[in-house]
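Each chain carries a letter (A, B, C, D and E) given by its place in the written order, and its residues are counted from 1.
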Amino acid sequence: MTFVINLGLALLGGPLLAGVVRKMVKARVHSRQGPPIIQPFYDLFKLLGKEDLESSPSLVLRYAPMVALAAILAAALLTPMGLRPPLGGYGDMIVFAYFITIAAVMIILAGLVSASPYSMMGAGREIMLHLAVEPVLIICLVIAAIKSGSLLMWDMAAWNYVHGLSINTPSMIIGGVALLLALQAQLGKIPFDIVEAETEIMGGPLIELSGPKLALFEWAFFARQIVYASVLAAIFIPWGTGFALPWNIAAHLLKITVIIVLVGLIDVVNPRLRVDQAMAYFFGVIVVALVGMVLALLGT
Amino acid sequence: MFKELCQKSFPKSLWVYHCNVGACNGCDIEVIDVLTPYYDAERFGIKLVGSPRHADVLLVCGPVTRQVVPALKRLYDAVPAPKLVIAIGSCAVGGGIWFDSYNVVGGADTILPVDYYIPGCPPRPEAILHGVAVALGLAEKEIESVHLKQLPDRPESVPVEVESS
Amino acid sequence: MNAQQLGQNIEDRFGPDVIDWNVLGPDQLYVTITPESLVEVAEYLYQDQGCRYVINGGTDRRQQRDAFLITHFFAQDEEKIYIAVHTEVEADDPQVDSITPVVPAANWSERETRDMVGVVAVGHPDPRRLVLADDWPEDLYPLRTDVAHDIKPPPAEGVAPERLEPPEGASVVPIGPFFPVLEEPAYFRVFVEGEMVVGADYRGFYNHRGIEKLGCSVLTYNQIPFIAERICGICGYVHSCSYCQTVERAAGIEIPERAEYIRTIVLELERVQSHLLWLGIAAHIIGFDTVLMQTWRMREPLMWLCERITGNRKSYGMNLVGGVRRDIKPEIYDDIRSVIDKIGAEWQELAGAIPGDSTLMARVRGTGILTTETARGLGAAGPTARGSGLAIDVRVDHPYAAYDRLEVTKCVHDSCDNLARVLVRVEETLDAIKILHQALDDMPDGPIMAEIDEELPAGRQAMSAVEAPRGEVFHWVLTGTENRPERWRVRAPTYANLQNVPPMLAGNALADVPISIGSYDPCFSCTERMEVVDVNSGQVRVYTEEEFRAEYDQPGDE
Amino acid sequence: MIASKLKEAILSLRPGRVTLKYPFAPHDPEEDFRGYPELDADKCIGCGGCAAVCPARLIMIQDIDQNTRRIMRLLERCIFCGRCADVCPEDAITMTKRFELSTDSGREDMVAECEVFMATCQRCGRCYEPPTPLDKIMEPGLRHDEIKRGGQDSPYKHISSE
Amino acid sequence: MTGITLLTSALILLVVGAILTALLSKSRLACGLVAFVTVLIASIWVTMTAWHALTVAPVKGTVLLTIASLNSSLVFTVDGLSAIFLLVTSLVAVCTTLYSIRYMRIYQRYSLVRYYPLLLLFFASVISVVSVHNMLFFLVFWEFMTLTSYVLVVFETDNAAAQRAGLRYFIATHIATVCMLLATVVLYARVGSFDFAALQTAMGGLMATSPALVHLLLGLFVIGFATKAGILPFGFWLPDAYPAAPTGASAAFAGTMTKLGVYGIVRVFTMFLPMSHSVTVWGIIIAVIGTISLFVAALTALQQSDSRRLISFNIISSVGYMWLAVGTGLALLRISPPLATVALLAGLFHIVNGACYGSLLFLTAGASRYRTGTCDLEKAGGLMHVMPVTAAAAIVASLSIAGVPPFSGFSSKWLIFQSSIVGGFEIPLLVFLAIVAIFISAVVLACFLRFLGTLFLGKLRVSPEVERREVPVTMVVPQVVIGIFCILFGVLPVVAMEPLHRAVSGMLPEGYSPTFASLFGSSPLTINLNISGASSGAWGAIGVLIAFAGCLVLAYLISRMGGAQTRKVPMWLCGEEHPFAEVRYPVHSFLLPFNRLFANIYPSIPMPRLPRPSAILRALNIDNWLYYPGLRLGERIIQAIRVTHAGVPQLYMLWVIVGAALAVIVLFAM
């Protein structure tokens, strides 16, 4: 049951929410009508039916997109999405973080194997951005771990549901804010869509990919949005009724929609930053998160 | 079943790679104009992409100049099938005002198999949208070749049947 | 000092080397000198008289004079003079001294002349043969009169262009010919270390369509405005204007005042739409699509307005030699006013939001630095020059159309970075709206086309310039027989500006390259309407590792 | 920073959705738009003035026999400048507002041909006279027995033939 | 034969083998074969002994040699801890020797008499070092190991760089030995015995009388072991010395010798030091040193373009993880024994894994050198097209060292992170160390992606005379064997953890260590970490893998649902053609902006000021006034320490003399 909900949310909810953002946020700010809400699905299905061009044939390139999507889905199975995660007993936040990393690694590998200067540059940017952003996620999760006394993500979510947001726990608030600040980059949105940067390096690591490979990566990106937003929603934003159907699913959906819309809104009112500027920004965010962690260690 | 779904999705999501093969910029600007709020081609799932690998449609603007021919061929080769080629503007359709210049090879169909033509100098954004609509099957083409003949005994002209060659 | 005095000065200084000189109108000086003295005269004009180099043109006059005519054009902006320095080169020994060593900005055009007309610039620092397509035959010079305009040599296999090698340790990132933010094919070889640019190399001519050849061989005087307009699809009207002005000057045609005002209004409308367009594209380059969408939304009513005034959204087709084809009906004056006022109001708001937008500023401030010295040395034009602190504006310096009766402000910023170029254009747009109001208020009644009774005589020449949105457009026409010019020479602003790209790029992050190139509002189709090819302007500063580190104070790797 | 972003957002949101209904509802061009040049075959006298001034040189005048003159226009490369309409002494050419010219066979569909009946020369006095000396009749057009298409003599091979 | 006889026989066999190979050294193949057979048999014996010690009971042999004057006798004793190292050494020894048979062909110019005999003696000394419980013999064998390895480092006699590296190594490790010797002598002076048990008594006594001296002695031991382990700032010799040796030997060093530094720490602090507050303090110190070391080493590794140097730096960083784990374990020993057990187990587990992937990395780098003749990442690349097995091994090893599930590095790192984060609830500092470690784990990944990306993945890029085929089978087999272990310990960590738990239990005082099931749950497939009753972490490799495989199948089905065709095309370079060499993105360019940020971890050039994107970021950027100054301070300290190790032999001699004098003063002051 939870398997179906988590997978379904990641696989179908991701593109759908992206479609909502494109139509409701992006097009609205652009003063235009915008594509249909299910446009991402059209895009994905179309890509799946396209020819698959191989410029540097290799097994790595062939399987990297599948592994990337699978890793994100596996991470989704570890993420509390309103309910107890189906794989909760098999992996904790560190396993989760590593699956997220695997997905990033696959993008990097795809870029490296493509060997085009643009893809190499994109891969380099992905590594740098990942190095700058991942600590934020880790620190924020550690804050929650300290508060809940467990590294299991559903323990953290449960703690959050029980204790909620309170002025007595500023560390959690800071953690949530830091994670929100980092979310933009983790979701590959402007001002941090530096990795793909269509107008600079033409899709970066994805430049040489076409057809199903591209579709799988795109799908993984959509699913990643849900996973990250779920982490933020379940662990740092309270208002839920614990692990019970169906209201907490609804509440969770509402929360991630709000988060993704917010991210989309930031996306449309900013230009892309350079990778060094982004790294400088994230070192700032890391420091903020560390302050949160110190507070958590001090017991607040 | 899924295969069919994928094929049906193709016209609903046309990713466009726009290439200028020697144009004056007029058509290029109108192509971008089509994406902007008043015309919003994204309604039809059309968006510009940065890599030809991601593209479904090649928008060709301008007369094909001599220097650009090899690059254009490589570009066509870099687009995954199924693909459409749309020639935009009089230059890409027929070579334009410089059709016979020493450095101009001709219209886009001199080099590529072109699927749709959108004449105009530059075509209005509406004309481009109309071309897209024709390509998507949303509209019918509205022109055809004209063959008129003045008859000596009759004051009005009549269309003549001409075998299409 | 006026043109007369300058001519006298040159004669006094060079004596017998000056074969002939005369002045046309108040501001055009034509000097014919011997080939031997060319370099000295150029140096005198460039160094001593503070002239700005414009361009070089080569004309095949073997039928008339058994010689090639080489002409270097200079401009003296303070004194409002254009100077043409003619030299005749013997037909059987087509060689002339290169002035590039003393006038760096002549680099491109001397090579162009060599490739198109076959006159070799002796002593050129970068004499690679790079004109036309890679597979164009060696000894075929398209601009010579005995070469047909529609000659199509068969393609050749295995011809590789000469390319600049990247510095040690750097790799090449090809930007172009097809690159998403370059609307046109242009090919930059950017040398990078990591994401840091250490040099660049430019190769153009993908857009070369042989316009000058068509103008001098198949088209007639009144067909050329339409092809001139298609030199550039964004700001083509400046070219047709400039061409018509040149022919009118050469033939001594006075155009009606109303036609002058109409030209001015359309020119300014074009400037507004071009700057709006540019801001959108520039924002798109740095991923800020909302600005693209919004500026183009603002621009769209203007396009409809242009369609209403001229019958087409762009490539207006308004100009003929002698005036304009269509009148602006008085009943749409108010529509023009309301459209531009609305744009002005929104633009003002946008301009107010820009300085506070720190993410935007992070991308434009301090990037793409083009120093004043480089800009002057390489002859930058228009907003690029004004963004580097050079106060040049043809509308003020060499007034044309109705600009001498209107109040034009030079918008100059001296921070030399991308931000300066943004701000120059932002202010210029507001200024253009003011000018439009003024022109609409002052516009006199009357005819829009001059009466032309007789054919244009052959052998007359004239120069004229127009301030395009991108900078100075310069045309020179030598009238000919058969109802067409014998030679029509065009210099578009991007031609001058592009030579400034390589020095500007070095030291930037690669992520800043597209926006830096974009900040010039480059229009390759303009540049390459003729025969421009460049692999390297010769001014590329390839930084050594030490220089580079010293400059940017970056620590070493170890 | 926030203030600027807000300003931008307000500026963006104020106009609302401006997207036109086109192509589902017509959006006609402004008056005097120069669209598809239509030739009224009844009015044409076959003077060739249009061929003389056409910058794109797309009008061919060809005498098929004693009293039939064919006016062939390859509108595929028309730049819609309207010069032909300007100079036509009979106003046989009008620049219509038609702009929806897209087609799947550009070279065929953009051809317009008209055969003019040239009777014995009763109309001579009304033949084309250029408005100014600059528009005088030149060779292109009248002299050509065949009309070249862009790319016809291209030395390059079509991609599918490789 | 009993266990210990086997061990002794194995040692004798190795010595005999060394003599044989020395005699046979003219015949290169025979020499290699003899060495391999010797090592194989010896390893089997050693493994049997170790397994017995681990599963049944520690084995203690008879007295082989007695030095009455020093009241010492040589007795081989194998307890749980020794057994772990013996097992690792056996595996590494067999694989590297087999590998060397063909690999040494690239050293045609050099006589093998300087290789196999010394390699065998090196293995013998490593085995001996971990099997004695007498400090005197420990130091003797330790010194013997240093000498043999030194000769291996300077194997390329005409390579000046190797000679210099060897000299630095020699001097550094001897200073380390002197430190340890001094400490030992002080303790010996108290109790008159070199036995570990006796030394513990001495330590306990000293603790009561002069705690300062205890701390001094511990410091000397830490310096000694840190030097051997390559821990910064004492391990500065390592990145030069390891690449200098023939790769077979480098792999052996990486698999065994570096780890002995950790072994020593564990021995000294669990066996010598009585349970007290100072254990906690020293645990924290060790953890901090380890973390600094892994931080600096990994970021420096990112800037290397020689594959073996890159690996060497990562070995240091990997040892840093071990120190972090061991330090965490020691720090928590008094506060939370279950957690301490987990941490120590994590450290030992990481040692096992580190030995596997460390040696495997050197083997793959050696294989690429064998084929291409270079270790420069700039000069070769895309080797997966010619050496698929080596490439696969390199991927496995790289993902292991980077700790990507389900490879072995992840299992042990997971335990390290668990123990240090949960331990952070008790000692907050540990959380920060954990975060640094997690971050560095990503850096290591980045580093190895670069290694993989340039050397193995991507377009083939080798000089034309290179043979385009896989390395010989004797070089492939060792890689495969070690690679299997890397995967096995990742997928089924419990297999390794149970014996390790036994070793840890044996090390700790009675009653300190909870049972395996109470800590890690009873499932053989899943680790459900239970500390203080509540579950705090879970890692079920099999379960997660099954789910992951399911997702993979789903992804595969999705990718096939459109029935896409494949077509081969050239690379898209914006339309123009370029020779690949021209557009190839050079290695040193990769990550340049990031490396620039950390370039000054070593050099003294001040940190470049980064432009801030916005005012709000400026406000957020506490790093301006907190982070950078801290970092700079750290750099300066590191710098200062590095400067003292400038590599001038005289300087080191001076240090030795000063140290000795100091020791004498201390001795007589007591």
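As a working rule, a contact is a pair of C-beta atoms (placed from the backbone, for glycine too) under 8 Å apart; a residue touches a chain by one contact, two chains touch by 3 or more.
These figures come from a predicted structure and were not determined experimentally.
K.L.:
Would you pick out the chains that touch chain B and also touch chain C?
P.N.:
Looking at chain C and chain B together, the chains touching each of them are A, D, E.
K.L.:
Closest chain to the protein's overall Cα mean, using per-chain Cα means, please.
P.N.:
Central by C-alpha mean position: chain A.
K.L.:
So which chain is farthest from chain E, going by the mean of the CA atoms in each chain?
P.N.:
Ranked by distance of C-alpha centres from chain E, the top chain is D.
K.L.:
Considering only C-beta pairs in contact, identify the chain pair with the most of them.
P.N.:
A-E
K.L.:
Let me have the rounded angstrom distance from the C-alpha centre of chain A over to the C-alpha centre of chain E, please.
P.N.:
34
K.L.:
Can you give the whole-Å distance between the Cα centres of chain C and chain D?
P.N.:
30
K.L.:
Take the average of all CA coordinates in chain B, do the same for chain D, and state the distance between these two points in whole angstrom.
P.N.:
Those two chain centres are 17 Å apart.
K.L.:
With chain centres taken as the means of their Cα atoms, state the distance from chain B to chain E in Å.
P.N.:
Their C-alpha centroids are separated by 63 Å.
K.L.:
Note the residues in chain A that touch 2 or more other chains, in rising order.
P.N.:
27, 29-33, 45, 48-53, 117, 121, 124, 191, 198-199, 202, 207-208, 211, 269-270, 273, 275-277
K.L.:
Listing for chain E: what residues touch at least two other chains?
P.N.:
561-563, 565, 567, 569-570, 572-573, 575-576, 583-585, 589-593, 611-617
K.L.:
Where in chain C do residues touch at least two different other chains?
P.N.:
In chain C, residues 150, 152, 155, 171-174, 177-180, 185, 192, 194-195, 218, 226-227, 230, 290-291, 293-294, 297, 307, 312, 315, 358-359, 362, 509 touch at least two other chains, as defined above.
K.L.:
So in the complex, the part of chain D that touches chain C is made up of which residues?
P.N.:
Residues in contact with chain C: 1, 3-5, 7-8, 11-12, 15, 18, 29-34, 53-55, 57, 79-83, 86, 95, 132-136, 138, 140, 148, 153-156.
K.L.:
If we count contacts the way the header does, which residues on chain C are in touch with chain E in the complex?
P.N.:
166, 169-179, 185, 187, 192-196, 358-359, 361-362, 366, 509, 553-558
K.L.:
Flag every residue of chain A that touches chain E in the complex, lowest number first.
P.N.:
Chain A reaches chain E through residues 7, 45, 47-58, 60, 65-67, 69-71, 73-74, 77-78, 86-92, 94-95, 97-99, 101-102, 105, 108-109, 112-117, 120-121, 123-124, 127-128, 130-131, 134-135, 138-139, 142, 145-146, 149-152, 155, 191, 207-208, 211-213, 215-216, 219, 273, 275-281, 283-288, 290-291, 293-294, 297.
K.L.:
Where on chain E does chain A make contact in their complex?
P.N.:
Touch residues, chain E against chain A: 382, 384-385, 403-405, 410, 414, 417-418, 421-422, 424-425, 428, 431-432, 434-435, 438-439, 442-443, 445-446, 449-450, 452-454, 457-459, 526, 528-529, 534-540, 543-544, 547-549, 551-552, 554-556, 558-573, 580, 583-585, 589-594, 597, 610-613, 617, 620-623, 626-627.
K.L.:
Under the definition above, what is the set of chain B residues touching chain A in their complex?
P.N.:
Counting only chain B, the residues touching chain A are 2-3, 5-10, 12-13, 15, 36-38, 40, 42-45, 49-51, 53-54, 56, 78, 80-82.
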